[in-house]
Structures are given as C-alpha cells and as structure tokens.
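Order as written gives the chain letters A, B, C and D; numbering starts at 1 within each chain.
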Amino acid sequence: MADLTLVEAVNDALHVELARDDNVLVLGEDVGRAGGVFRATAGLLERFGADRCVDTPLAEAGILGAAVGLCMAGWRPVCEMQYDAFSYPCLDQLITHVGRYRWRSGGRMEFPITIRMPYGGGVRAPELHDDSPETYYVHTPGIKVAIPSTPADAKGLLAAAIRDPDPVVIFEPKLVYRTARGEVPDGDHVVPLGRARVAREGDDVTLIAYGAMVNVCEQAADALDVSCEVIDIRSLRPLDEAAILASVAKTGRVVIVHEAPRTAGFGAELAALIAEQAIFDLQGPVLRVTGFDVPYPYWTIEDAYVPSVERVAAAVRSLF
Amino acid sequence: MPGDALTDTDLLELYRRMVLLRTYDERSVVYHRQGRIGTYAIYWNHEAIQAGATFALTDEDWIFPSYRESAIGLVRGMPAETILQWWRGHPSGWWSPADWNVASICVPIATHVPHAAGLAWGKKLRDEPTVAMAFFGDGATSEGAFHEGVNFAAVMNAPAVFVCNNNQWAISTPIEAQTRAETLADKAVGYGIPGVRVDGLDVLAVYDAAREAVERARAGGGPTLIEAVHYRAAPHATADDPRAYIDLARVEEERARECVGRFEKLLRERGVLSDELVESARKDAEDLMRAGIAAAEAEAPPDPELLFAHAYVDPPGNLRSG
Amino acid sequence: MADLTLVEAVNDALHVELARDDNVLVLGEDVGRAGGVFRATAGLLERFGADRCVDTPLAEAGILGAAVGLCMAGWRPVCEMQYDAFSYPCLDQLITHVGRYRWRSGGRMEFPITIRMPYGGGVRAPELHDDSPETYYVHTPGIKVAIPSTPADAKGLLAAAIRDPDPVVIFEPKLVYRTARGEVPDGDHVVPLGRARVAREGDDVTLIAYGAMVNVCEQAADALDVSCEVIDIRSLRPLDEAAILASVAKTGRVVIVHEAPRTAGFGAELAALIAEQAIFDLQGPVLRVTGFDVPYPYWTIEDAYVPSVERVAAAVRSLF
Amino acid sequence: MPGDALTDTDLLELYRRMVLLRTYDERSVVYHRQGRIGTYAIYWNHEAIQAGATFALTDEDWIFPSYRESAIGLVRGMPAETILQWWRGHPSGWWSPADWNVASICVPIATHVPHAAGLAWGKKLRDEPTVAMAFFGDGATSEGAFHEGVNFAAVMNAPAVFVCNNNQWAISTPIEAQTRAETLADKAVGYGIPGVRVDGLDVLAVYDAAREAVERARAGGGPTLIEAVHYRAAPHATADDPRAYIDLARVEEERARECVGRFEKLLRERGVLSDELVESARKDAEDLMRAGIAAAEAEAPPDPELLFAHAYVDPPGNLRSG
C-alpha cells in the first residue's frame, strides 16, 4: 500500500500495466518528454522507451484513428486526451470506428483501446478546460466508461480498462487530481468495471454521483441530519443497476449529482432507470443536481455552475 | 517500359484480376437492378488502380479500402459472396480484417487513413515488414482525417502507401470545388513525403508507382502519396443520377478509353494474351460471380439475435434493454 | 396549401426562406449542382445562384466552422450534413464554438446557424446511413434541436430554425422523406420551436415520440384497445414540458419511443423529467422503447433494432 | 530593404506596438506570480510576428487570434483591462468580435482557422474588401481543422492570411515530432496557395510578407500561408516547466536575440528612434498596464446570474433547471 494522490495512482497504474504487458503502449500529446501536462505519464518514456510512450502530433482524431490501426497490429493502445474539451475532435473516430469495429469484424477482432483524460471543472482555468463530456462517450454503443473518485479506484479502474478487451474511456476528475489522496495497493490492482461503490451507507436518501461530485455528496451528507447513502457509480457502462436499485429500495428517495449539463446528461439515464424499475419504491420525485444547459462559465462564477454542497443539501431537504 | 519488372505470368495474373474486378462490378449493377443487392457503389473503370496498386503488395501487407474498393478482397481470394453479402446487408458480408489483411470497407470518407497509419506504424514497431495501403478518393483529401492520418504516418516514418483515386468527382462536386492545388500529389509536399501522379487507366503505370512506394516503405523510407488520375465514367452509385451535373458526352469519351480493354490490347500486342486466355479469364470471373450470388442467396436470413452478438467481447448486462 | 412529401416540404421551406431573406445561404456537400442527394436543396442553385447555394469541399468541420465565420460577416448559414453519421466530424465545431460563441461575445453577436440533416434507420442502406445522433446535439449547451414528423412541420420548423437567432439543428426523418405526405401551407409558414403536437388524443396512456417514431406510435395506438395519447415532441430543446406533464397527469402511464441507442438517449431526459415533476401522477413505471446500445446493424436485421409497432404495443400492454 | 513601404512615423508606431505587446506580456507574468491573473500563455519574443503581421491590416480587417495572441487587440486599441480580465476569468474580459474586428481568443487548437475562412469568404460575397488574418502555432498545422479551414479558404478564393507562428514547440513536442515537411510553408503547395517563410524575429520581414499577402488577398488573389520561424524562448505558459524537455542553453541564446531590442537597434541605426522615444514608448505601455490592472481589479465580482445571460438570445424556459 502506498499513500498516493489520484494522479499519482494513475501514473502507478500505467507503470504497472506497461511492465505487465509488452503490448500496452501510451500515446498522446506531451505524454513523453514532459510526462503529461498533469504528469500522469511521468517516467514512462524513460522506463519503457520512445516506442511505448509516444509524443504524437497535435491531432486528436489522428491519435484515436492511429490507435485503431495499432490494435490491428496487436497493440493495446492507451490514448491520452490532454483535456476534456480537446477530446471532441476524436468523437468521429470514436463513434464511427472505435465503437463499431469489433462488430464490423463479426466479433473476430478486438479493439482494446483505452482513452483517458482529465475532466471536470472547478480548477480556475480558461474556457474549455472544464468540460464533463461523459454523455458523448457513454451514449456511443460499443464503448465502456468509468470515472474514479479515489486514488485506489483511479488505479484499479484504469488497470481494468487496459486489460479489458473492449474500448474503455476513463475520465479522471482533475479537480481532485492532487487533493484526493489515499491508500493504493501496490503492483497489480484491478477494480472490475460494472461495480458501484457504496461510499457511505445510509437509510433515508440515496445520493448518486461519480468523479469529483462524490466528495460533494459526502460533504452534503455530513451537513444534513438525515441519513444519506452515497453511491459512487464508478462505472457508467457497464452500470451496476443492482446496487442503485437496492439502495433506492431501501431509502425511497434519490438525488443524482453530476457536473455535466443537465439535458440528456448521465443523470437522466440514472433517473430513467429508477423511473423504469423502482417506481413503486419511490417516496418522492427523483431529483437531479447538475451543471446547467449553458456553456461552462468563466471561472469567477464557476462555483455557481458546478453542483455545490449547498445545492445538493437543498435538494435532499426538499425531499423531506 | 511500364511494368518492366513483371513476367508474362505476372501480367496475365494482373489481367485476370482486372477482369475479375470488372466482372464483379458489372454483375453487381445488374444484380442491383434485379433487386438482388442494395445500393451499390460502382467502380467501373477504377480497376486499373485497384488491381495495379495491390499487385505491388505481398499477402502480408494490409489493404484499407473505401466503399469504392469494396471488392478489392477478390485479389486476395476473398469469396465473391462475402462482398455480395455486404451489399445485401447480410452479416456474412462482414469479415475479420485479420483473415485477409484487408480492413473493413470504410464508409465514412477518409476516416480509415489514420487506421492505415496506425497499422503501418504498429507493425514497424514490431519489426514486421508489413506495408499498409489505403485507398480513397479526390474528395477525401479535403477531410481532416486524411490530413491527420497522412501526417501521422509521415512523422512516424510508417510504411504506408496512400492511393488517391482521383476520378475528379465527389458525387456531384468536381475537383475544382475540392481543391485549388494543381494536383493532389502536390499535397505530399506538405507532409514531407514523395507524391506521385499517374494515369489511373494505365494499370502498369499504377503498378510501377505502387511498387516503388512499397519498396521505399519496406526499406524504411516512409510513406508515399500516389494520385491516380482518371475521370469517373459511371454514376457515383446505383442511387445516383449524374445527368444533373455531368457532361454525358465527356463520360462517353471516358468510357471509350476504359482500362481493361486498354490493358488487354497492350497484352495482345506484347503477345501475352490470346483469344483463349481472354475468354478463360472472362469465363472464370463469370463463374465465380454466378457461384457467388448463388451462395449468397442460398444463405439463410440472419438471426436478429445477432444484434447483440458482436458489440462487446464482454457486454454490459443490460444490453438487451431497449 | 399544397400536397407535399416531407422532403418536398423541406425544399419548399428553403425556397421561401432564401427568397424572404437575402442573408440566408445554403452550404454543404452536393447541395448545389445535384440539389442534394435527397433533392432537399433542388432548384436553389438555379434560382438563387452559386453564392447562395454552395457546393463545399468534402469537410464537415470545415462547413460548420466556415458557417461560424459567415455569421460574423452577417450571413445566416443553413448547413446540410449529408447523413446523420457523416455529421460527426462537425461535433467539435458544434460543441466548442457554435454553442458557445454568442456567450463568448457577452451576448453581443448572434450565430443564427441552421444545421439540417436526414437521420434515422429503416432505409436498407449500408452502415452509417442510419444513425439517430440527436443526443450528441441536444446535450450541447447553446444549441436548439427540432425533429419534424410531418411535411407541414418539416417546413414550419425549418423556417423557425432559419429565423431563430440561435443555432438550431433539424433532424429530418429520412425513412418518411417520401412517404410522409400531407398538406403544407404555401409561402410563409413557421411552426414555433418549443411546442409539442398532440398527434392523437387519448386517456389511458401517453406515447411520447418524435420523427419517424410518431407514426409507429400511431400505428400501435390503432392496434391497441386502450386509449392512447400520442405526443409528437417536435422540439427537443426548447422542450414543451407543459404538454408532456399535462398528458401524463391525464393518463398516468407513459411509453417513450426513439430510435437512438437507449443509454443517455433523449428518452432518458424525458423519463427523468417525468420522474422529477410528475412522480405522483404515475400509475406505473415510465417505459422506454428504443434502439439498443449496439452499433446500428446491417439492414437485414435492422427491423429488430428500430422500435416496431409490436414492441411499442407490448410496452403499453405491460402497463395494464 | 525590408519595411521599405513604411514611413518613419509608421516605423515608430510599429515599434510602439511591439513595446506595448512586450510590456503586456512581461507584466502579465508578474501579475500571475502575484496571483492577480490566472494561468497565462506567455508570448515573449512573439511580438514581431503579432505586431508585424497585423500592421499590414486596416481596422476593417479581422484578426483571429489563438491564446498565444491573447493581447493582440491592443494593436486595435482594445483596453488592457479587457484582456487582463479574460485571464482573470472575469466576464468583462469577453468582447464582441464585431467591436474590434478581433475574434475571440481561440483556446482549442486550430479550430478558428475555418472561422477565418468563413469570415473572409462571407465578406467577399458581400463585396466588402475585408481580409481575415488567423494566427496559430506549428502544432496547429497537424490538426484537421487547420487543413479543412485553409482548403476551404483556397477553394473559395477567400481573402485570408494564415500566419503560422512556428516557435518549434507545441508545449513539449518539438517540430520534428509534428511534421516531416522541411518547412511549414511547404504546406501551402497542397492548397494551391503561396507559402512564405520569414524570420519571425524580424518584424519588418514579417510585415513585408503580410503586406504582400494582404494586398494579394484584397486584389482577389486568394489566401496565403505565412510561416514565421523563431524558437520559443519562454515556457509554454505560466503553468509549464520546460526544463524537462528543452535545452535551456539554446533558450538563453534565443533570448539574447529577442525581437524588440533587435528592432530598437535597427531603428536607432536608421535614426528613427531616440532615447527619449524609447523611454516614452516604455512609459506609455507601462502606464497603460498600470491603468489596466487597476481598472480590472476595481471591477466588481461578476453576478453569478450571468450564467444564464448569454447562452441563447431566446433561451429555453427550463434553463435554470440544474
């Protein structure tokens, strides 16, 4: 066990996975010489060489498109997108190829691509360094999506992604890259995709979140005098429906929290799941506390955009 | 002389491949009219490019076709029914690229160019001598994916050959509305790689250019862009009616200069081809197509359960919710 | 009034709007010389000249990016994307610029861009001619989205989009381009964004749909012996929440239908809205009948993918 | 001789602009250290490119900056506080492009290139003589958006000037990992437009190249690609620590060749510049910055209600749901 920050845990996972499997390589902008703008890939170039940790041209569609070809040559590429909003140029490759190529091969070829990127707001940065793009990814068939909130999960989910035979996208909450700190198992550490984590047990209301919002929910739980269960989804696809439904069956009240814009955000999917499968368990409306359907703002007012402890707490209170 | 490196046997084999491709195309248009296959992207008179360029490859090399090269697997021995089924919307028309070293037919324009770059680079990293050859049209050169892919290959010094089929039309959009460059081969300059322009109806010229490019790639010299120029002499696809935008007289002229007959004439002049061999090439191709369509039509309709079969190796539990 | 098909109504709207406002221009692949691959733009080049109906290079990001610049020069560009899945290269421009530039200008510049495209399945075409990408668009802040199901709405919503000061995306259900036929008002005809259409009144269950699925719902309604209300959303953003909630209040039962993949599809948003605001009206779970989270299949089995009358009817029956 | 077309008054004005830009940059780094502005993209030693190229424009012409040219509005008289507020994350740092004919600072690489193409084309369609000038880096030339935008402008014969600031680094990625082309100006060939390579530290050479490009554009000759070569002599941004990847000795050399002092020396040699004028240029710039930061800091914090103010002209009713 080591005490690591979330970004250090990411780095640890990459070191372990590249050492474990010669077919894993990392590619992206500034991942090599600089070790990544957040130092997530630090030390890989030195340790594994320039063939296994590759500074690419500045071209996100090129990176992901090349990764498709790399898979055909037997590699397991791990692509870094430098920031959430700078991943958008790769969406075309994602939707038209990454999510479909195995299907197109009649299930005969595998495309074990991992895409990882820092995401989310609150970091006092210029525009387009703050987006939460998970909907674009999770709506795309053929793709899996996971989002850690703790260092141990950051390592374990990334390891699971790299070992997974399907394309997996990992969004890393950059707000807590260096503030989330915790025990991380040494060496091999895999957190299977598709299992939610009960971050806190409670009886009266279920708070469902992922990424940096898990901590916001925990703080709200601290501030409230009702008993809150906090579920850290961790894996958006595959989704641990059973864990969600079990908690809702217990509490009968739900607040879903994410940073992304509200309309057709992943919170809508969670609410729809509950409205479909747990309607008779509910004692009140399924509430969402989310970003708004407006551009992520300049940072002097970003705290009014990102769900806050107060907004979450107010939503919970409105249920009682 | 073009094609100098080829023996008579090679030339005959190349001819047979052209006839095979031509026959596939002509029969497909008929099958479409008969309602036996769906919308089909006609490649009539593109055979010299497809047969010529791929003739420079070994079977270990990878081919990345667009919809315009849908039948290019034929040159690797892929059964005609596989390709026919693709156009019939039947799952047995999907193949594993690894079986033939032929990537899937790329429907969205130019997006396979980075795949070819990645494959070539990935093989090079493994010290395998494989070359990747991607085919695309003149219109494709306007897409960002073309640019990013070729640049990637160039920077990685990847053994890739980019073959642009410049038929001077992207559906109804003429080449002048696509680029202001004098030639598409000129685009190579911006990537620091060789750019070559050849007559796309001269199969030996295409072959020579491809051979040089493949040799350079395999020797560690990096990618090449080949522009094979001709003029689209058939509709874009069976669904297209070009009368609105094309000069039909010009098309007639082009049809008269078609590439299979031209090669046939040349081989006859060189004494390589006889009436008999012409006839046998034609007959073999027709037999293959007859067997292909029969096999395709004999296949049972697919099980709708296939919907859920291949999206994931390890599918999410709720995949059937819908 | 004229009796037109849906695609003829689109063409009519373009003729009317280009004649009405000199600042409107149409650009896209094959929109000029060929009049569009579905002939939606037929006659515009001849009537308005090559400056107002422009065959562009084959570059979707270029088309939408150029449209941003055209707005800065005072134009109201109408961009055609040739097919749903071929619009993906434009998503980067959409998300990073089209939806944000007015905000970025402090509300001082307008970007009255219209993007229109044929969408949806059922047309027996090769892959990537069948997608329903509305989630990618409607999740993007700053963007409005409308989807007609009738010729009159195809004309009226497109006219509204072109006149709207904000960027609007219109998805045209290509399955019914030539089979949906009906009376279309001559000349000026605007259907305001944000108002749903009650396609059929009923008391027992509410079917909510848009595009080609409206007709599927109507057929299901015919086949069922409960009284179905069919709501044609028409406008996904702005969304007519009142019309949906009023119908749910009346019927207490809901089935939502769309072709797009299920996870985080627009149906999730509709279900979430109902779970949030109408929970105590509900007499049963909120059901969705959608495409699946798999690549849109080859066409010999596409009918098993696209929601069918049978699947919709079965969902309705399960509520009673 | 470079800059021949310029009068002494012009030369002085150009010098003042360089000093203004330099002062903005140097003060900004200090303000950042003092916590008075956020992360900031340093453009130290890029002033010759920015001042020189824009000096060839009229005020009707449009400028499309990247984050590297964040302060370029200064040459149009935009207040320093506007730009400072942008870096302070304050909404008064957002301006209307129409007020200054300066587009918003483009943060995602190369995506503004098609905007410049569209503006130029759109103005041409209206018979207005406006030219669009876009700035971007060497790394930007690898993006699809660069390719699509320049190609669009070329095909539309749009009056656009594309200025590539080749500082030979994209954060930590050197130019050799970005392209295999010998020069970035070479990329012009593929678009059928002129490509020009100039010394990016020689403000008059940049100006001359830009003037020729602007004149050609305005005369209906279409776009030009200008590559202004230099070497990044400061970190990518305040958040960047280049020691991991750059040769600091080389950076020191570059810093010694910096462009403002070089121009100052030239102007002194030509007898255009005196100690007094140097001093007054410096003082004016410093006063402007002092006033700018004071004005910025005096402004009230923004109302969070602004969240909902500008996304739509006609917002959906449920915009506040969240």
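Keep in mind that, in the parts below, a contact is a pair of C-beta atoms (placed from the backbone, for glycine too) under 8 Å apart; a residue touches a chain by one contact, two chains touch by 3 or more.
In this text the structure is predicted, and so the values were computed from the model without any measurement.
Asks: Looking at the contacts, which chains touch chain A and chain B alike?
Replies: C, D
Asks: Would you kindly tell me how far, in whole Å, the mean C-alpha position of chain D lies from that of chain B?
Replies: So the centroids are 44 Å from each other.
Asks: Report the inter-centroid distance (CA atoms only) between chain A and chain C in whole Å.
Replies: Going by mean C-alpha positions, chain A sits 30 Å from chain C.
Asks: Indicate the whole-number Å distance between the mean C-alpha point of chain B and the mean C-alpha point of chain C.
Replies: So the centre of chain B lies 35 Å away from the centre of chain C.
Asks: Between chain C and chain D, what distance separates the C-alpha centroids? Give it in angstrom.
Replies: That pair's centroid distance is 40 Å.
Asks: Can you tell me which residues of chain B touch two or more of the remaining chains?
Replies: 91, 94, 108, 142-145, 148, 151, 155, 177-179, 311, 316, 318
Asks: For chain C, jot down the residues that touch at least 2 other chains.
Replies: 56-57, 59, 61-62, 85, 88-89, 92, 96, 99, 103-104, 127-128, 141-142, 237, 288, 292-295
Asks: Chain contact topology under the given definition, line, ring, star, complete or other?
Replies: The chain contacts form a complete graph, every chain touching every other.
Asks: Okay, in this complex, where on chain C does chain B touch?
Replies: Residues in contact with chain B: 29-30, 32-35, 37, 55-59, 61-62, 85-86, 88-89, 124-129, 262, 288-295, 297-305, 307, 311.
Asks: State the interface residues of chain D toward chain B in the complex, per the touch definition above.
Replies: So the residues of chain D in touch with chain B come to 142-148, 151, 154-155, 157, 177-182, 186-193, 222.
Asks: Of all residues in chain A, which touch chain C in the complex?
Replies: Those residues of chain A that touch chain C are 85, 88-89, 91-92, 95-96, 99-100, 103-104, 127-128, 133, 135-136, 138-142, 237, 260-261, 263-269, 271-272, 274-277, 279, 282, 284-288, 292-295.
Asks: Which of the residues in chain A end up touching chain B in this complex?
Replies: 25, 51, 56-57, 59, 61-62, 64-75, 89, 92-93, 96-97, 99, 101-110, 141-142, 144, 164-166, 194, 237-239, 241
Asks: Can you check the complex and tell me which residues of chain B touch chain A?
Replies: Within the complex, chain B contacts chain A at residues 62, 91, 94-99, 103-104, 108, 111, 113-123, 125-126, 128, 130, 132, 144-145, 148-149, 151-152, 155, 309-318.
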